[in-house]
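So, here come the structures, one by one.
First chain A sits with chain B, and in the next complex the same chain sits with chain C.
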Partner chain A sequence: MRNLNFGYGISRPRAIDMDNNDLRKSNAIIHEMPELQACIGCGSCTASCTAGGITDFNFRKLHTAVRRGEYRGAYEELNKCMLCGKCRLVCPRGINTRAMVMLIKRKLGDY
Partner chain B sequence: MTFFAPFTIPFIVGGLFMFAVVALKWSLWIVRLPRVDRRLIRHNFFTRETLIAVWEVVRESLLHVRIFRVNPLLGFMHMSLAFGWFLLIVVGWIETTAYLGWQWVPLQGHVFFKYFMPINGIVGDIHLFEHLMDALLLMVLTGVALAWYKRVRSKAMGMRRTTKHVLFDRVALSALWFIFPARLVAESLTAAVHGGGGFLTGSIGHWLQTLLGADVLHSLYEPAWWFYSTALGVFFVAMPFSRYMHIFTEIPLIFLRRWKLHPTAERKSYDRFEVEACSRCGICIDPCQLQADLGMNDTQSVYFLRDRRYNMLSLKVANNCLMCGRCEQQCPVGINLATLRLNSRAKRRNIPHEGRFKYLRGVDHSSGSGRVGYFAGCMTSLTPAVQRSMQHIFSVAGEDVWYADRDGGVCCGRPLMLSGETDAARKMVAYNTDLFRRHEIDVLVTSCPICLKVFRESYRLDGIEVLHHSEYIDRLIASGRIKVQTETRTFAYHDPCELGRGCGIYDEPRRVIGAVGRLLEPRHTRRDALCCGASLANTVIDDGQQQRIAQRMTDELVATNCDTIVTACPLCNKAISRAAGQPTEDIAEIVAKNIIV
Partner chain C sequence: MAKRVVIVGGGAAGMQTALELKSRGIEPVIVERDIELGGKARGWHKLFPSFTPAGDIMRPLADRIRAERIRCFYGQEVTAISSDGVMLRSGERMPADAVVIATGFTLFDAHRKQEYGYGLYDNVITSVDLERMMNSGKVLLADGSEPRRIAILHCVGSRDEKVCQKHCSKVCCITGVKQAIELKEMFPTADVFNFYMDIRMFGPGYEELYREAQQRYNVHFVRGRISEAAETINKRIQIKAEDTLTGRPLKMTVDMLVLLVGMSANYENEALASTAGLSLAPNGYFKANDSFLGVVRSEREGIFFAGAATAPKSLADTLAEAALTASMVDEYLKNRYNEK
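This part shows the complex of A and B:
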């Protein structure tokens, strides 16, 4: 996609290049907790988020990006989470979101 | 008399090895204690606590009183082994002294006295000691027999499941089982060859005499003593590395505990005393709902402590615990199981950068003003009926209330602590403490038992009284500030873990429910109450497993045939509502519905 940037834009292109993204971490995360794939992206986790009430922390956005192999800034962003666990309680797919936060942090800790 | 025979070598070598290892372990653990702990020891050494500790050692290390409370037969098994063996040593020593007067006799002289005595032709009025020693041996043998029986039918001793043991434990256990039967055989053979013996060894000796020829008896005599000595030696060598280390660890632990040492959020040397004091009796297995409801057999406290002791603790085992506290209140050694598990998690925490939670600076979503502060808690924002009910109760009572988090607040920090992120949690603690101080409240009411526990244990809120809303409502009713009408419904009350076992609040919610309607109790109640399974402490079990735990626990509440299930924790409320086919209400809701305006 970078090739198609004519140099006039002032925003970075929003396209995601799955060929260039390194999916190893993402695959390892999915391998350890496959239930993340059950996410329907409803955003209940983000709507109920305690940290989200104070900052722009958005778990739905984050884990979606991480699954696509976009890890930059994810670890720092996830450290905004207070682990209060409301997201797990409201998740209609029963995803263990709290463990997911901890897992992604563990996997991306050295990224 | 030299009191030496070749067969005593395994015993002497094993015994010396054991004492050397135990002494080394003790000194290392003591030397590595943090300075605060050592100061506590110095400070409390010459106090009444030391005497109380001595008494506790007798009660718990010898008599095992707490195990009697779990099951009398199980208690008798442990007592007959520990106290019986102890008496064998003490009475054996008195016996030697009675025969030989005040002279130094090496240890093997006491232990194998029967071997040395007849050969050296000591005669006298022997019957009292012979019978007494036989009676004690019989007592220990009863314990061994019960231990065998427990292998076959543990249910007879109130245990549905027993511990799976590691290799060292199996070696030590087998040696221990052989020690006393071997002693019986050796002493009986001695009685058969040389005469003497009490009602047990003497009679068996007599019977052996009639059964076997003199040369057979003589050829069996030495091997029997060799076998007894070897069994002792093997046990002694395996002992410091097996679960039997608890024998020599529980004693210093009891003293240290009486001197006010305790485990903390950070691992320290004191933890070794607690970890190795676990005898792996397995009493913690049956209360565990992960076992009973989900069939998990590797994560209970006994296995957690074992894995931690042998440095093979996995993150999964450390994290797979509801922290409901049901095992901890049954533990006969009184080990701080929850704290140890938490500091194991803390050791593996991710260490975030210093700027973490910088966004908290300047945040204040609170509203209203008053001397009473209300902290609903994160979870309560998912049960808005509780929040509305509390507001109604406050307004009827005419209380001026400052609402800390009506429009979204900051977490209390306990969820982070439960995941071992103690340093991150400290930022929440600092933030909330500052918030409460700035708004100058005298009383802090919270609707969430998870917050309540952390406010009471980890916050320094001197001058601010922290109450759970059930306590607060109970006071309002008792002082006549609010009046409630009695309705015809019956209520079954579920004790939330953090409120009951966690904070010791059992009676206040029951009094409040009693004021509104008739209270019913499920089968497991109060200290014995079941966990709803939704606990934040467990990050391993999935949604379906949580539901199974909730279902089993809710079934007991439904079985009371109540009209409504009542609880006092938003998290339990959510879990029960999902599992029950009937409405679940919070204490605040039933009061708000029946309050007389």
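This part shows the complex of A and C:
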């Protein structure tokens, strides 16, 4: 019976499931740095991102997903960040995005 | 003899115009369709962005109308307007030297957006229902319990061509932020999610309040319009949207769904405009003479506007505009009087 391949696969549901996602880590991140909630999704961080210029790293998308409890792959993704801090310089809401990268990595280190 | 101005509508715009006209020595007469003054702001709980009780603004206005002995006709509907008077449903004609249209707006009927289940599901309410609930001091679910997870949906009946409401109703965004904060104050452990297309914080103090809602009250803002709502077996509401900032569909179950209903033009505008020889804007509101110096003037001499008859407006904008209307009416009457 092992590895019978009928040519079909099972896709993971793409929807963000806010009923079953574990929001405790997300809440802990927001609790520690509430300013992350002030993001208005302008994309300045992503536009100015050094890593984003050469990889598909997208900090705006990533932290939004993390806030919704979508942690899968986030830590590895954040390894692309070089901590140059340009995103922090351009953020119109004054969010310390660089510190945010480190905070999320710290909180999701065991994920 | 004092010139007489008939004001159609006894809401905030009509009352403020009447008081300003009176202070200029003009005799205002208010014709109100309802049985009392106050219009849509009556029964509202608190006002953005300062959380001022609506009664603190509206009650003194009505009190001053009484103190100034301004004549008000209640339960009277105006069926025709001209620069020298109005015709009432009763067939009576009310002569005037000028007329002010302060007929305001109609709340968008949330039943029309069937996909959100207003009127079908117990725990789907409108922003107006929520104000009434807050006014009564109790915001509870249909079964009497406290909500722990609440979704607020922006733009219900605004910017929506499917229900012929192409315009932005202007005040719902900030109302949504205000109500989210009020809900968080009432239920600090509850989670509040605002689903929006754009957040339009145009007024003084609005952006600051938005930020406070985000950062201090931890209100979750999700950019994406809820596409549908369905009731679960235990009377909760399951909603679907796209979280457009992550580019993924999102689903969740909430205890309560609040629909931020927009402002529609009055159904009667078309008939009234045709009797007065006025035209309407594409969204059904009365068309102002121009967008800058003639915002309260109509295309006809002697007919003026005040408040949300020409476009969705906040209470603050309406009160400010009504003072301008009175000044323009005064100027018009002086010019006409001197010419004679």
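We adopt the following convention: the second predicted complex is superposed on the first by the 98 of 111 C-alpha atoms of A that agree within 3 Å, B and C clash if a C-alpha of one lies under 4 Å from a C-alpha of the other, contacts with A are read in each partner's own complex, and residues count from 1 in each chain.
Going forward, a contact is a pair of C-beta atoms (placed from the backbone, for glycine too) under 8 Å apart; a residue touches a chain by one contact, two chains touch by 3 or more.
These numbers were taken from a predicted model, which means no experiment stands behind them.
On the superposed chain A, the two partners chain B and chain C both fit, without a clash. In the superposed pair of complexes, A:40 makes contact with chain C only, with no contact to chain B.
Once the two complexes are overlaid on the shared chain, A:102 sits against chain B while remaining clear of chain C.
In the superposed model, A:55 lies in contact with chain B only, and not with chain C. Of the two partner chains placed around the shared chain by superposition, chain B is the only one that A:76 touches, whereas chain C remains out of contact. When the two structures are aligned on the shared chain, A:28 is found in touch with neither chain B nor chain C.
Once chain A of one complex is fitted onto chain A of the other, the partner contacts of A:68 are limited to chain C, with no touch recorded for chain B.
In the superposed model, A:85 makes contact with chain B only, not with chain C.
In this overlay, which is a superposition and not a single complex, chain B and chain C have their closest Cα atoms 13 Å apart. Chain A uses residues 35 to touch chain B in one structure and chain C in the other. Those residues of chain C lying in contact with chain A across their complex are 199, 211, 214-216, 218-221, 223, 240, 243, 245-253.
If you check the complex, the residues on chain A that touch chain C are 14-19, 30, 34-35, 37-41, 60-61, 64-65, 67-68, 70, 93. Across the complex, chain B is touched by residues 35, 48, 50, 53-55, 76, 79-80, 82-86, 89-91, 94-96, 98-99, 102, 105-106, 109 of chain A.
Only residues 319, 350, 352-353, 356-357, 359-360, 363, 365, 378-379, 381-382, 408-411, 413, 415-416, 418-419, 421, 424, 428, 534, 536, 539-540, 542-544, 571, 574 of chain B touch chain A when the two sit together in their complex.
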